[in-house]
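Order of writing sets the labels: A, B, C and D. Residues in every chain begin at 1.
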Amino acid sequence: MTAHSGRHFLQIPGPTNVPDRVLHAIAQSTIDHRGPDFAELTLDLLQRVKPVFGTSGPVVIYPSSGTGAWEAALVNTLSPGDRVLAFETGHFASLWRDMAERLGLVVDFVPGDWRRGADPAAVAERLAADTEHSIAAVMVVHNETSTGVTSRIPEIRAAIDGAAHPALLLVDTISSLGSIDYRHEEWGVDVTISCSQKGLMLPPGLGFNAISEKALAAAQKARLPKAYWDWAPILEANARGFYPYTPSTNLLYGLREALLLLEEEGLPNVFARHNRHAEATRAAVRGWGLEILCADEREHSSVLTAVLLDEGHDADKVRQIILDRFDMSLGAGLSKLAGRVFRIGHLGDFNDLTLAGTLAGVQMGLELAGVSVDPAGLQAALEVLRAE
Amino acid sequence: MTAHSGRHFLQIPGPTNVPDRVLHAIAQSTIDHRGPDFAELTLDLLQRVKPVFGTSGPVVIYPSSGTGAWEAALVNTLSPGDRVLAFETGHFASLWRDMAERLGLVVDFVPGDWRRGADPAAVAERLAADTEHSIAAVMVVHNETSTGVTSRIPEIRAAIDGAAHPALLLVDTISSLGSIDYRHEEWGVDVTISCSQKGLMLPPGLGFNAISEKALAAAQKARLPKAYWDWAPILEANARGFYPYTPSTNLLYGLREALLLLEEEGLPNVFARHNRHAEATRAAVRGWGLEILCADEREHSSVLTAVLLDEGHDADKVRQIILDRFDMSLGAGLSKLAGRVFRIGHLGDFNDLTLAGTLAGVQMGLELAGVSVDPAGLQAALEVLRAE
Amino acid sequence: MTAHSGRHFLQIPGPTNVPDRVLHAIAQSTIDHRGPDFAELTLDLLQRVKPVFGTSGPVVIYPSSGTGAWEAALVNTLSPGDRVLAFETGHFASLWRDMAERLGLVVDFVPGDWRRGADPAAVAERLAADTEHSIAAVMVVHNETSTGVTSRIPEIRAAIDGAAHPALLLVDTISSLGSIDYRHEEWGVDVTISCSQKGLMLPPGLGFNAISEKALAAAQKARLPKAYWDWAPILEANARGFYPYTPSTNLLYGLREALLLLEEEGLPNVFARHNRHAEATRAAVRGWGLEILCADEREHSSVLTAVLLDEGHDADKVRQIILDRFDMSLGAGLSKLAGRVFRIGHLGDFNDLTLAGTLAGVQMGLELAGVSVDPAGLQAALEVLRAE
Amino acid sequence: MTAHSGRHFLQIPGPTNVPDRVLHAIAQSTIDHRGPDFAELTLDLLQRVKPVFGTSGPVVIYPSSGTGAWEAALVNTLSPGDRVLAFETGHFASLWRDMAERLGLVVDFVPGDWRRGADPAAVAERLAADTEHSIAAVMVVHNETSTGVTSRIPEIRAAIDGAAHPALLLVDTISSLGSIDYRHEEWGVDVTISCSQKGLMLPPGLGFNAISEKALAAAQKARLPKAYWDWAPILEANARGFYPYTPSTNLLYGLREALLLLEEEGLPNVFARHNRHAEATRAAVRGWGLEILCADEREHSSVLTAVLLDEGHDADKVRQIILDRFDMSLGAGLSKLAGRVFRIGHLGDFNDLTLAGTLAGVQMGLELAGVSVDPAGLQAALEVLRAE
């Protein structure tokens, strides 16, 4: 790797900056995954992780990326040929749709402009029209990492309930969990999908499924083939603190430490901090005179801000300059947003001065790339940060 | 975790003791998985890992356990209803069989007594009988971790070739890779399955598939549903140093360091060390007057030794005493061997004096459990270690 | 310790932020300090450290703070009752004077206003007046950490030479070494004193003496009592790669890594980086409309900037607000500067965006403390950083 | 450093094997040594360290080796020309004598054969003869690291008291503290000297002085020159949780963790463990038919065992073979014992199986070096370890 002085600014919307305490935890010696110390660790973890999901039910943890947790949610609850309702909120929602199709599901994909969340009205309409209840599940990405738009899950839940439709609600919280207020149980979510490398402040390598009772019941009948992802043997082994295969011991050490960090700060404080940093970031973007990709005030993401550049500018060039000159990584525009958008991650283990440095770097990078920006942008962000 | 003075003796047959250099590597800051430093890391790794498999072809690395790599090998090469030939060499071979059936394959499972490897003669016979070539793959566990028996892959290859049968050869090297001589290419293996936490001296969390050209061709036609495990998008992204999802960055750091360690020692020296430690361990077991589970001299494992106790003794009690009194974890007898067998792991980052301490602990534990052993056992092991 | 999200901003003028690579190096297992691996480490280190001092002569490394290295320089070269010439450049120069007196030396202490470096004209005058050559040594603090003023060593050397005076030149580079251009040999320094926790980017715990041939000769006659600090047994043992006592093995591991980091960046680049960051910081301070303590343009420090507040303001209150609100540590005003001054450290493992965050935090803190500042200050700094 | 598989056996009598928890603690980020978090750490540490010394009085911690702590004890309590009584118990007692003389003290050095501790009868006799009370201090090495002999401090105290002599009692516990029962206060010790890298399980770099009220009073009158080592400014700053210079922050982090480890195991258990391991080691040496250097049954050290070889054998050759073949470091015979003796360290973070491995390595090394040993030695040690 290239040598640099000082610490790299990892301001992509995940993987996020891993706290030293978590890195140290991960660097502990691996232990016997069938011994009593491991059982104690697992039993503690499986309880401690629940409040982060807002659930009192089981959470299954996989050695996998978040993509794997997507697959787990589908293969455990659905059968070949099942219809599912999904929303084109951005790149990741599209990838999840592709996965569903590859696994043999039929996806009703509600089109979108990548600037808004899943539309509760569309949910209501589609489900109302599905009088035969052929739609087995509604798939929603809570925070679309490619756009910085956060879908309104409670309103989607209300739409499903309004239609008195039995479809399962599957929600991807990959980039929101542990950063944006989320309530699996209260919001009636059936499977919440997440992973380790965003708000949980871990390196990548763990996938999560929080599971409702309704989803557990659905799993009894689901016929998509499954082995690795099958909840049943995991839940059975978890009851005694074990796994049916060798789990990611060292990442689980890290998870325990990360959960302790979240407990120490307090989840409401964590959420407030993310909201505040997002507000400061938006103040900067507006102050610079640039456009935020998210088009609905109710749906601004608290974990990342996607900035849309005018046609004449290349967002990837801006990112390259910022990486070369200021050793900061920003998120690229993905697929149809490529070159038009860059994404500023402001989630995870993060504080005011790191955000100030981040925004200063973005401002300087834009200037160097020839994008006309008003330096009042940074100052506007500082005013948000300075306010109590 | 319980406090103990000194270092725990982790002498299960994996996860193995992770060297400090690897733990430190894993504790480095997570980086942008879409940036140039990551691409450089990946491109280097994907080359550097090949000699460990004995291949010049591609190696796919998953964020998963070894179980996941089993599934990947099957879903990428086979179609629903395909017949596969497998061998009851022990607990893990049985689990792999179960997985194959759950995924919709039809398994011809050659029975075994859990004291021998896969029988090349049985391979020859079964394939010769399969004149219609309905068997799509032969599945063999190279080193059966539950028994300490190493199947003779070159002879199995020869049996397949002798039958002029087109079946793919899928080999699980989960507990042998990086410890026992293995040659994916020379032995004509089509998919080699492995994972991180044994001979590669990493924590658990990475699964591997080394893939032959024949397997790549088979993958074009394979119709088992797949998304997460699909080789195609991974190989495509790997060409540029990336992954189609967020990879396990920090475990990949560790993998690089582990590969450097193997290069520094030299693979032939690594294999010779394991052979020597296994020989010393067998000398101890025989010296104690106990029985080694492996029944065929040609198939003794170099990475673990399973010790079979007489009916009157409880192997789990022996293990418990050793854990309580000497802070050492040994492997349990699994399923049909439960209580009859304990397993001594002697693989990974390991040396003569740690083996001496291990065997001393086993000897004392046996004595404390009331198993009559001749203390000449330990001395016999030391004579092996002392010899040049 | 208090829990905080994100990384603490340690912007005191030392200890500085220790790079992860150095922390990992320190966390390696301790080895036999009388074995061959340790000898190899030491012999390498003792060569590799020389260019940082700008010397081809010996460098002695103590397990000590920088204060210990001060004492070592005195007791190895001087005798009870010897006269030394020193300069009141600030708090640390005053402490060193006190130490000299406590050890039985007679100090001619040239008074100063804590805003300027040691005056070459005063050196010339004092030495010219000392026709009997009763002054045995001239003691100068290169970079006065309490004031942010860097004395002009080459001009002091010229003054000594101009007076044709045989006094030794002892220079404290505690906060300059590895950050500000320094040349032990070229500038004719006899003992250069330094320590680990500033430009060398290590935790505290190592003291250094770089020694000229003239100082070695003086050591033959020096009669201050000494044992721990005695150069002779250390130099003798160092020749074989050892120490006469147990050295700080793990900090020496860190030193090797830190020296590698300096080599990778290149010392001229390191110095240029510090100059640039200091210039940006001064641009901010001036832009805010505040006063820099250093009164001589030729003597601005590249490693820290001391900011002088008007009488009505309490610098410690500013620091407290910044610590509480923004999790950043700044240096306090020491002794006669207490409450009047705060010090911004910008040295060691540091980069543009961390400086931007630092200055943003200072600006916000000043505002919150009711100090009237022009926010153009931060913008002025960014213009320096943005320029090539 | 040379690459080896497995963990190095560091069985010198210090530095000892540093537990991972301590290494991780040391690798935490350095903080402001003048901030509130540091004060909290120091105040906690300074209390928590007292029980290890068996004192309720102050303990001063230096960034230094143990040698520095020797010097501190002398310069704080004594004046030029003072007489001190010391005992030739081995290499380190001789070095401490040399230091005392270099600092201007007059040493009455009671000769010894390096196989026994300081003789209480000699103390009684010398002090009784000193009717003018010209002897200012008695200097005793509690555990002589070069010989494996532990002096009987309570009997020495009784001898001083019996002579009604006002001399201070200065005791070096460098290799005994935290491993062998020691009681600064109960035994009436005036200054207890120690360091970090033995029973405290830290890397080298910290020196300690535990100070009695009598020693504090003596310090008021002591006239040896001192600055770095002066207790007064340290005690003054310590009262608020600070140091008069920059302390070894990261080693202090490690000290906290090491003290927690000792608390978790319980000091009586720690002492019993060391006694048991020493007994096992002596059983091995005797079983081999070799001679233990310590000649008095009452004075066997619990932290190391020095083995005396017959004239025809070279102990350094044995050590070299063991290092080369088994990657284990043992202690050399020092000065007059060079080549005759090797020393087995069995202290610090250590357990039964590591001791078994250690003794197995010694046995094999002796055999390879042509020293005739009875292999029953190892077995005798195991019998001690196996017994409850």
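As a convention for this text, contacts are C-beta pairs under 8 Å (C-beta built on N, C-alpha and C of every residue); 3 or more make two chains touch, one makes a residue touch a chain.
Everything numeric in this text was worked out from a predicted model, so none of it was measured.
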Request  = Could you tell me which chains make contact with chain C and chain D both?
outcome  = A, B
Key: B-C against B-D, pair bridged by the larger set of C-beta contacts   = B-D
Request  = Select the chain at the greatest separation from chain B, using centres from the mean of Cα atoms.
outcome  = C
Request  = Go ahead and note the Å separation of the Cα centroids belonging to chain B and chain C.
outcome  = 54
Task = Between chain B and chain D, tell me the centre distance in angstrom, where each centre is the average of that chain's C-alpha atoms.
result = 46
Key: Residue list for chain A, restricted to those that touch at least two other chains   = 7, 17, 24, 27-29
Query = In the complex of these two chains, what residues of chain C are touching chain A?
reply = 3-7, 9, 17, 261, 264-265, 270, 273, 325-328, 349-358, 360-361, 363-364, 367-368, 375, 378-379, 382, 385-386
Request  = Spell out the residues on chain D that touch chain A in their complex, using ranges where they run on.
outcome  = 20, 24, 27-29
Query = Any idea which chain A residues touch chain B in the complex?
reply = 1-2, 7-8, 10, 12, 14-18, 23-24, 26-37, 40-41, 62-68, 71, 98-99, 102-104, 195, 197, 203-205, 224-228, 230, 244-251, 323, 329, 332
